[in-house]
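Pasting the structures here.
The following pair of complexes shares a single chain, chain A, combined with chain B in the former and chain C in the latter.
After this line comes the complex of A and B, so read on.
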């Protein structure tokens, strides 16, 4: 409790947001799920009993047992170890894509929102163009056209295709914040445009950016799993989508192969969405998504 | 052509806003001068362009506004011809501004002390420990108690009056020569207004500050300023020392303004109200802009625009009938 008090003194809004966040059971559940997935990814080598790539030829499509906790797939891979390691790829790809989306979105959004005028108009029409196309379709087209299918490439494509959403949010934030009195007063004290942007506008637009980032992480995990499921992912990566796909044909005889990675995708996305919604309510943000 | 003691000289200033509805002539051919150490009250109704003048001096007129013509000479240098880099060195350092809304004039995510420190660091190359000392000093100067602790607080932990004090502290932290105070007391309640007013008076005495007070409150002007400029629809209609304006106004608009303030002695049944509305600055009335609302207008007022002239030494007015009229407030 005393620790909370110290935090309240340190940063009032963080503390109040946390209190609001804590009040909702759903948000807490989301945070816990996300924490579990992150821990799973971080400690995958410790948690997973087997090498996920190792093919146990004598044990194909085995049901869950003390030896193979969640069974094995049609190639004799340990499903549990695969699911645990799969969280790494999912989170890595999603985090990388979000990072790229953030960088592009921030630069263009700040540029358009702060400068306004013709520049804003041109940039926003380009953004609109991207917004009219469903990202998953673009993603499939882009990935199929490429020869190299490493997770780095998939990550980059996802980040590049989704920047318009981030740009929109950043731009609207910048546009409303730049009119506020403290920006005017900072300028009147001799602050430069860059200083105004970095010290006064961006720190105040953090909340919606954080929320969108969380929700986009969920989207990227889903996209990556989708691509792997369709066989368009990185063929060498240990991805949930790959396992779901390989179990697809054996759903009636070996349900565990597709079910457990499917549940992993489901819970991770659920967790991130609950977390995102919780953050949105706690940080008092109003943004929309497709 | 630098006149002795002249600090600020605005000549033929025009600031237009290019909006979708048309060109808003917020400031239209304004001349204004201030001597060092003087306090000038710039008075007018909302939307008459008085705040725009303040922002023009710092060259911070928001888009789509533009300084169309005119010169703003500060300490002998024309600010309208300065580069953005040079202006940044002037803003805060030699000309500072206090804004109308103290509630939102501080960035909510940083401590007040840090924001003042930032302003100081922008203009003075001093070590960090020294800056902290300057921050506390400047907060102390504006009468904030327990400044060392209070400097570490966030803006939302300040009361309205304290925030306005802290704003003033920030504005004065780099020892500016000219302080532009744009409705510094409007958002505050009456007792706090009185405190801020006292503070401004005190600071003027202490620092020999030149103050441009932008307000719609004549009472404030009477308390703080020596000179008054009355503004109507983008133009200065009357300029003089405080006493002449209050005792002997020459422009019917000034007269009407004075009459709409309730006095303490006289029991008035209804306030005097200026008829009509503030005119559109997109298509201002012909001739004298006040003529549609003026009780003394004659045909000429609608036809031609009156030029400001010196009716008495130091008392300028823009009205055809200024000499003929006998305007006696109370």
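After this line comes the complex of A and C, so read on.
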């Protein structure tokens, strides 16, 4: 019976959050934009059958036309195909980086928050340090030292360098939850630490983690685009930043080359920000970063 | 402020300054190890960029002379002790002292950042107040929408659009650089020309921050409006203008100061790509160029300076916070 009660309570929580979320037009718009980008990535071969890497030698810097819907760049690449296929790299890098950030952030955050004491102090000073340097500067330093700049490597670096963001949120959640009565009572009934963490603390820390994950996806998409724009990304990847950079010197003659991939980055980030803000309001979360 | 609290504040500042030293050392350790776990030998990279390849003995000799044959902790000790004497080593590419190169670039970045920060504050504060006062009006919705766009647009892309519209098509602003080359100006015109070059990049850098500052001002104004003392002030019959500016806005200064201080790092980070696009001769462009050429001493030097700037900005923020927050008394 008690199990049913818990489930009813859980469903109620999801239900009220969903109702709050649904009521806000902005967050729905965000969810729709994100869904569109995800679908674009999933069905890229159907939407844009042209190979985005193919160089159309006879058609360099062509304006938008029935053949090339969004024109071609200075190498004769089809901008439309590149924009559609570019969503795959963007989403993949961002999702991978968030996953790595989550794993490291959760492990260290739970560890520091649950155990507290000296260990917590040391771990928190280390996160302070990582938060001192602007992430893009850290990324540039880390990326510059590599011979191989594949998207997997860039994804890993982004995840590894940003774990302090997640760690802080997880830690503060764990710290506040572990003092609460239901956790205390679980402990007094002889539940092991692992059980307390996985059964009681983590499920109740989900909201801020979900919100932060959504907003961090936006940051990672921005950072990946920035790196490839600066020529520090994966040179072989079909990345929006690469195309924006290749159109940089043709702003007067071929404005479409930079404009459309830029719009793609903009809409994806906009969607994730709207979604993140909506989730924050619906789940009633307070996160330090504005 | 009486004598006792003044002593307390001084003590706080001293403690806070002292904390910076270990932070700085540990930051240097992160940057040092980030670069030194790199695969590939710096000397080989040095010659690869120079285009020539000397024999094995010569490479060994250079390795020894640069101290690269020492264990890594010895290398770190040598590097940090040199750093403390202001010696940041030599660039692999230009062979000039890194400290000298950074010295040439430092003020360009400071100027550009300060300019951008002033633009952000001058726009965000009034717009945020107006939005908060007219909550949910058409004007509030419009401003909030602009803010949302502002922090969702990649700033390097905004830069390209502004360049193509204002510089290329309309010819209103210079496309790149910090000075008009090949012209001699009088002192005043030299500065006017310099500021003229700064306008577009500063606007671009300020966009994202204006959006964030706006959200913060609006949000905290709305929080303050809900407080009892505002109701009291209104009930006393004070003019709405007095309530907004004297009572409400003063209370939003606190979160604003903290937030501006903490965003110095983000502004510096954002400036990297923008300096690169506008060929602004600051530290951001230097960092990107150094990264593209794998000029590690320069990259390490720039990162250290940026880290130091962020640490100092955080320190100043904390001290200002202690000074203006009536609740904190030491």
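Simple rule for what comes next: the second predicted complex is superposed on the first by the 279 of 290 C-alpha atoms of A that agree within 3 Å, B and C clash if a C-alpha of one lies under 4 Å from a C-alpha of the other, contacts with A are read in each partner's own complex, and residues count from 1 in each chain.
Throughout what follows, a residue touches a chain if its C-beta (ideal position, glycine included) is under 8 Å from a C-beta of that chain, and two chains touch if they have at least 3 such contacts.
Quantities reported herein were computed from a predicted structural model and do not represent experimental measurements.
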Fit or clash between chain C and chain B when superposed on chain A: fit
Chain B, chain C and vertex chain A (Cα centres) - angle in steps of 10°: 100
First, second, both or neither for A:186, with chain B first and chain C second: first
First (chain B), second (chain C), both or neither touched by A:46: neither
Contacts of A:231 with chain B and chain C, given as first, second, both or neither: second
First (chain B), second (chain C), both or neither touched by A:194: neither
Which superposed partner A:140 touches (first chain B, second chain C, both, neither): second
Residue contacts with chain A in the superposition, chain B compared against chain C: C
Which of chain B and chain C A:273 touches, first, second, both or neither: second
Lowest inter-chain C-alpha distance for chain C and chain B in the superposed arrangement, angstrom: 18
On chain A, the residue positions that both chain B and chain C contact, one per complex: none
Residues on chain B engaged by chain A in the complex (per definition of touch): 58, 60, 62-63, 88-93, 96-97, 99-101, 103-110, 115, 118-119, 122-123, 154, 156-157, 167, 170-171, 174
Chain A-facing residues of chain C, complex: 23, 26-27, 30-31, 34-35, 37-40, 148-149, 151-154, 156-157, 160-161, 163-164, 168-169, 212, 215-216, 219, 259, 265-266, 268-270, 272-273, 276-277, 287-288, 290-292, 294, 296, 299-300, 302-303, 306-307, 310-311, 314
Chain C-facing residues of chain A, complex: 125-126, 128-130, 132-138, 140-147, 218, 222, 225-226, 229-232, 244, 247-248, 251-252, 255, 258-259, 262, 265-266, 269-270, 273-274, 290
Contacting residues of chain A [partner chain B, same complex]: 12-13, 116-117, 179-182, 184-192, 199-200, 203-204
